[in-house]
Structures are given as structure tokens and as C-alpha cells.
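Naming follows writing order (A, B and C), and every chain is counted from residue 1.
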Amino acid sequence: MLRKLIGIVALVTLAVTVAACGGGRSGSAESAVPVSLDTSISGAIVIDGSSTVAPLATALAEQFEASAPNVTVTVGTSGTGGGFEKFCKGETDVSDASRAIEPDEEAACAANGITYKTLTVANDGIAVVTNKDNTWATCLTTDQLAAIWEPSATAKTWQDIDPAWPAESFKLYGPGTDSGTFDFFTEVVNGEEGASRTDYAPSEDDNVTIQGVSGEKGGLGYFGLSYYEQNTDRLNLLQIDSGGGCIAPDAKTVQDGTYTPLSRPLYMYISDAALERPEVKAMIGFFVANETSLTKSALYVPLNPDQLKEAEALVDLGTS
Amino acid sequence: MAANTNLPLRDRSTALIHGRKRTGERVVIGTLASAAIVSILVTIGIVLALLGPSLEFFRDVSLGEFFTTTTWAPLFTPPRYGVVPLLTGTLSTTFWACVICLPLGLGSAIYLSEYASRRVRAAVKPVLEVLAGIPTVVLGYFALTFLTPLLRSIGWQVDIFNAFSAGVIIGVLLLPTVASLSEDAMKAVPSSLREGSFGLGANRFQVSTRVVVPAAVSGIAASMVLAVSRAIGETTIVLIAAGQLAQTTLMPGDAVETMTAFIAATGSGDVSVGTIAYKTIFAVGLTLFVITLALNIVAIRMVRRFREVYE
Amino acid sequence: MNAANRTASTAAANAVASSLVGRRQRSVGARLFLFYLVFSTGFGLVALAVLLGTILVDGLPFLDLTLLTGAPSSNPGMAGARPAILASIMVAIVLVATALPLAVATGVYLEEFAPRDRWWIRLIELNIQNLAAIPSIIFGILGLAFLVRGLGLGPVLLAGALILGLQMLPTVIIAAREALRAVPASVRQGGMALGATRLQVVWREVLPAAIPGIATGSILGLSRAVGETAPLLMVGAATFVSYNPGLLTQYTVLPILIYQWMRLPQADFQGLAAAAIIVLLALLIAMNGFAIWMRNRHERKW
């Protein structure tokens, strides 16, 4: 009797579960890029590196695989540093990077005979955000930003930065010290990579930073623009004034570089050995031809005309 | 009963039989022995992998600076290499994990073994084991997005990342380990012991605490040492929920960075391989290895002293 | 009634009387104790219920056919977890085929055949216990240095599974040893008194009796291994793989995919991550179910 009862309960639960399944997705199931099939090329391409660039590499991988079904592309996220380590050992074909290659990494590549080309693949802006209830701050100068974030910063409340502002205490959030975003931000704001005050809440996951800032009235945080754009209703975006007026980050200002100093390029490093293979050449060509829609689908900012010209030159180099 | 335990049990038994083992048997036993060697190889491998870069690190950073400075900021400029904040971080989270998993795990085990009916036990034990299978990623986010807001809503203003939430959730993760293994140990205590005690008029409370638990202490202690070891070594939960702010504090509401979280974040981050910053991973890993080794030596000694032999 | 009976019945009456009195005094402590026990068991169950509840609420709306059959994608409308599901299943199979027998063999050797008092046996025991505390990421470093690069396997599924197997060894070995130790010596002595060799006794009598404990250890070890992310990331598991994995191909597993999805900005990916967690848990329950069945079949009372 008990067993039958348990059986019935289990069946009902299963039915309810199945009925409740599905239907949660919003957004289309269409691929972003028009696809023309090319079944002549085949091979395997290995991409690894920064987790920031990974969404773009993933978009490229799936779209390219759709157009060239006999090619497999895998994307890893060992981090920019980990990616370079593998790249300079010849273990990967393409290395995603949220920063330029460093001298000791260049040396490691040279020591192993790995030569490569650098491809700028997208632009990204760093958004500085505050809590929705923060009505006083709409624009920060780069000096004020430095005053908040530099290693010797003593500012504890918003009033310490601008006496006209209320004495709401700061709650600072940002990426972890191992992240390329951290390196970039500290370099351009405080003048030196790694130079930052240490009493903020670092996180591997930018969604957590969003949660933190949106939960504290005096909250301030920074992360890639794409994270803000997915959460505009929860946060305020600050404009940044580096001497030429307050500029807000958006696709245009990041692309043409007017949103300074917090615009950065994202890179892919491709080994020359890989570029000699037809499938890699085709993939890079595919990228350059479709870079606007690919970068947009990964929520990044497309290349500006100068960068695009460089990229096209690289593709021509590769095919010659 | 305990009089003639001077000879190890195995030798007492084989003393009854003399004669050579068959060759087939030798082969099998040899194979089994080589299985045990694998664990030694793993440890040697770990030590080798850790030692080289650690020695390079300690050429640049003195042991004294490493162990006495209370600031850990290897990726900041200027870098500071004091491991004390990481040690207190690990200590803090492990402490809260133990507060949860050791008493509650043992309590569950005693209940399931001595008090619950067969049906309840058959239902509850597997369900608890599901808890052990929840991926640590999920538990980390649970600590961050459920437990911490819960604590704040009842008035405790913990940091968004804090040692207490992470520690408690680690304890929840390890509770089934302690419970299940202890319960197996208690279930295996011969029922003649229980029956004898009941026959002498003891109630269930006395039988459980004075007869069964002491008889099963070997298994219970083993499960607890295993749980503490794993609490120290837990990586993903602390990475997500305890934070990455290395500060020397034992307050449960503060954000901390444990040794394991640092290794995980830096090892998979954007740090350039081969720099001092990267080598910190190995130095911290080696420190962790030595600490757990010391702990386990002490634990084994203690367990051995209190183990009882029945029959 | 003669004198002896009178003494006996008085003694019995005294015993009953004292136990009645004692019971009232003891019962407060016993009641508190019972409360502690029920609280302990309930705590674990409540925690699990809350956890599962939040996962189900977040994930069920996203648990659809596309998730189970599709490949990962940066577009949340199309993203699926098929390659990761297959890889997680394959990892579990490799673990059961390699790590589990290895761990049980080690446990059997250490408990039944190894000479007790040698220093190198003590060293192995200490070593195994210490391995249980090594953070998973260190196993990742080990795997990268020796399996992926040293042996030249490359960042393939087999390398990842072997590393998880090594990590799983201590839990299963310790559980196996405790299970073997709990088998009463009378079983062994009886077998050998009947003329069986030690190996025969172990294989035919002791090991089957220890299966419940070994099954428990296997459940705990296997569950943890299948849910790991950190060591696999170090060993080179990818985050985007669109083809079905083989033993010697690149791969991604469910926990890694879940971790990746949780960090993406689009809100839909949070729901997809929760749905993937449901799939992973279903997988684990299926694996555990088999082990639990084995455990119940071999349950014995001494």
C-alpha cells in the first residue's frame, strides 16, 4: 500500500515536472550570420585563453562550424596567461587575450620558435557603475577615479571625493586581481598595472559585482560594458571625463576611442604555423568578413575602420 | 578478550596454517600491493610538481617574510607576500565547516543507525548522499545568493563574501560524508553488544553513546578526519562565496581568501606563467600540503590510541 | 515461596523500581539527545530541500529538448549541453572502470595482506589520508605536468578522467578499509579453519560482506568527481565543444559548462545553468541508485 502511494506520488511529481519544463527561453534561435556552406575544408582548430574574449571566440567557432561543417573548433578558458603558456608551447592555434602579450611571454614563444600575428578582434569598454539610488554622481573625472581606487586612497565616503556629495560610505566592487580587466583598469587609472587599493570586494564573476553594487546605496564597481548592458535597469552608468568632457560608454564612443581611457581592444594571437592551414585561414577570413555581427552577438563593440583595415591586411597576408 | 592482542590479527590466523601460498595467489597479492604503490606515486608526483617552482619562489621571497607578513598582495603593485591572511582564511572557513558537519553528521549517523526504522533509514540515507553529489559550483552560488542574503535579512550585516556562509555550506557538503561513513561503522557493530546492553537495562541513549559509538570510533574518526581534510582542501565553494580579499581576520562575517581560492583564481586567471606571481601558487600549495600532512599525522596517532578491538 | 525465590523476586522488584526512577531522571538527557539527533538529520534534509527547491524553480522553465540535444552556443536561445552531458557520463564510466577497482584493491591489500607493523605501510596509510586533503586544483597541476604534457596525452577526456580518479582514490580507499575492518574476525578465522587460503576467504567472504561500506565510499567519491570543475580546467578542458566527445578528444563537462554559463551576462544563461544542474543531479541520482541497490542487496547484520 505504501509502495503504491510512493509510486503514485513519484508519477505525479514527474508529470508536474515535465509539464513545467521548457518555455523559459527568450530570444530567437536564429544564428546571427548568413551561412554559406563550404564542405571542402576540414581540420581541427584549438583556441584557448582569456575568458573575457571567450564569448566572441565561441560565437566565431559556432558560426564558422555552421558554414564549414567538416571543421571542428574548440574554445578553452585557461585565462590570458594560461592561454599564452600553451600557445608558446605550440599546444594551441589561437590565443585569446584581454591584454597585449608580455615580454617574458614573447621570449617564451621565441624560445620555442613560435611566431605569430596579432589580430585585434573587438573593442570593449569598462563601465563604472553605481547603485540605482545614487542620484548625486553622474560623472567622474579620471582624477576622481584615481582618488577612489589608487593604492594610497583614503576616501571612505562619497563626500571625500566631492564635498557637494552626501557622506554615503563607499562599498567598492571589482574584478579579481588575476583578471585582465583588473590589470587594464589599474594601469590606465592609477598609472601602473596592479596598483589598487586592497579593501574592495573582488570577484571572479561580474554578475556578483552587479549584485553587490545594486544592493548597496554607496556601491561602486567596474566591469566590462556588456555586463552593464544586460542589467541597465539595476544600475546607474557613470560618465567619465578625461579632460574633454563627460563621455558615456556606448558602442560608438568605445569604437572611435572617445570614451577614454577605459576603452580597450581585445586580441587573438594566431601562430604562423596555424595560418598556413586552410581551415585556420578560412576561419580568420570568415571572422573579418562578419566581424560586425559576430562582435555584436558576443555583446562587444565592433572594430573601427582603422582596426578593420589592419585585420583585412592580415587576412591578405595569410592567404598570400 | 583483549588479552592476546599482542600479535597482529592476521598473523595469529595464519599461524594456524603453514605451507606456501600458491603462485596464483602470490600474483594476485602482488597486484594488490602495486595498487597501493599508486598512491605513493601520486604524492611523489605532487611534491615534485610543487617543489621546483616553490624553491624558485623562496629564492626571491624569504621564508620569514612569507610566514610572518600579514599582507597578501602578490598581484598588486607593490607586491606583498605574507601568507598569514590566507592561513586565517582557511582556518576560519574550515572551523565553521567543522562546527556544522562534525556534530550534525554524527547526530544523523546515530539517529539512522540506532533509532530510525529500517524503512526510514533506507529512505533517508540515499537522500543525504544526494547532498554530497551536489556540484561545488552550485553550493558556492547557493552560499552567495541564498545564505548570505538570508543572514543579512535577519540582521547580521555580513560582507557580501564572508567566511561564515562559505564555511557553513562546506559543512553541509561534508555532512553526508561524516553521516554515511559513521553510520556504516555503527551498523557494523555486532548486535550482540547492543542486545547485551539492552538486556542489562540500558536505554537507547546509553546504548548509543556508551556502547555503539565507542565500538565504532575507528570508522567515525576516519570519517571525521576525511571531512576535515576535505574542508581544508575545498576550492570552488570558497572561491565563489568566501571572497578574494586576503585579510587577516577571524571574524566570521568578514570576507576572506583561503589558500585554495587563491590557487584556483590565480591558476586560471590572466597571470603570466613563469612570473613570481604565478610561482606563489606552488608556494601556497606546498604550504597547504605540509599543514595537512602534520594534521593527519596527529589524527592517525590519536585514532590508533583509541581504537578498540571487539572479538 | 522459598528463600531463594524471595531473594530473586526482591532483587527483580528493586531493579524494576530503580529503573523506573532512573528512567525519569535519564529521560531529560535522553530527550535532549533525541532532539539533537533529529535536528541533525533534519538539518541535512532541510538544506537539501531548500537547495533543490531553488534549483528546480530556476531551472525547470529552461529544461527543454534543446538543452539535452543541442550544442553550446553564445546565443542563449540556441544553447544546449549535449556534448557536456555525454562527456560527464563517459568520465563516470572511466572512473568506475579504473579508479574504483584500483581503490578497492588498495584497500583490500592494506587491510588484509599488508604486514601491520612495517614503517612503509604506515607511510602509505598516512599518505592516503593526506591525499584526501589536497585541493582539487593541485591534482589539476599534477595532471597537467604528468599526464597531459609528461605522457603526452594532451588535453583529452581520458586525461581529465584519470586525474579525477586519482583525486577520488583516498575517499574510496578509506571507506573500503573501514568496511573491511568492520567485518568480524570470526568470519576470517572460520574460513581459514575450514582450510581456505587467505585470498579465498577475502574474495568469497570478507569482500562481499564489505560491499555496503565500499558502495557508500564509491557514491561519495564518484559524486564529487563528476561535480568537479577546477582540476579539469587546469588540465585543459575546453568550455566550448560542439561535437560529441571520445576518449581521446577534447571535451567539456557539465560542471564547467554550468560555471561558464553562470558568469555570462545574459539572464537566460542563469536559467540554463540551473537546468543543466538538474540534468547533472539526475545523472548522479541514477549512478547512486545503482550503488544503493548493490548496497541494499548485500546488507548484513552481524
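What we mean here is this: a residue touches a chain if its C-beta (ideal position, glycine included) is under 8 Å from a C-beta of that chain, and two chains touch if they have at least 3 such contacts.
This one's a predicted model, so the numbers in the text were calculated from it and none came from an experiment.
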item	value
Maximum centroid distance from chain B, chain identifier (CA atoms)	A
Two chains joined by the most C-beta pairs in contact, as defined above	B-C
Whole-Å separation of chain centres (CA-atom averages), chain B against chain C	14
Geometric centre distance via CA averages, chain B-chain A, whole Å	36
Chain B, residues touching no fewer than two other chains	267-268
Residue list for chain A, restricted to those that touch at least two other chains	77-78, 204-205
Per-residue overlap in chain C, given as positions that touch at least 2 other chains	233-234, 262
Chain C residues touching chain B - in the complex, by the definition given at the top	15, 19, 23, 26, 29-30, 33-34, 36-41, 43-45, 47-48, 50-51, 54-55, 102, 105-106, 108-110, 112-117, 123-142, 145-146, 166, 169-171, 173-175, 177-179, 181-186, 188-189, 192-193, 197-199, 212-213, 216-217, 219-220, 223-224, 226-230, 233-234, 254-255, 258-259, 262, 277, 280-281, 284-285, 288-289, 292, 296, 301-302
Contact set on chain C toward chain A in their complex	56, 60-66, 71-78, 154-155, 233-234, 236-243, 250, 260, 262-268, 270-272, 275
Interfacial residue positions of chain B with respect to chain C in the complex	8-10, 13-14, 16-17, 21-22, 25, 28-29, 31-33, 35-36, 38-40, 42-43, 45-46, 49-50, 103-108, 110-112, 115-116, 122, 124, 126-139, 141-142, 146, 172, 175-177, 179-181, 184-185, 187-192, 201, 203-206, 208-209, 218-219, 222-223, 225-226, 228-230, 232-236, 259-260, 263-264, 267-268, 281-282, 285, 288-289, 292-293, 295-297, 299-300, 310-311
Touching residues on chain B, where the partner in the complex is chain A	71, 73, 75-77, 79, 144-145, 159-161, 239-240, 243-245, 247, 255, 265-275, 278
Residues on chain A engaged by chain B in the complex (per definition of touch)	50, 77-82, 84-85, 98-99, 102, 104-105, 108, 151, 176-180, 182-183, 186, 192-196, 198-205, 208, 211-212, 215
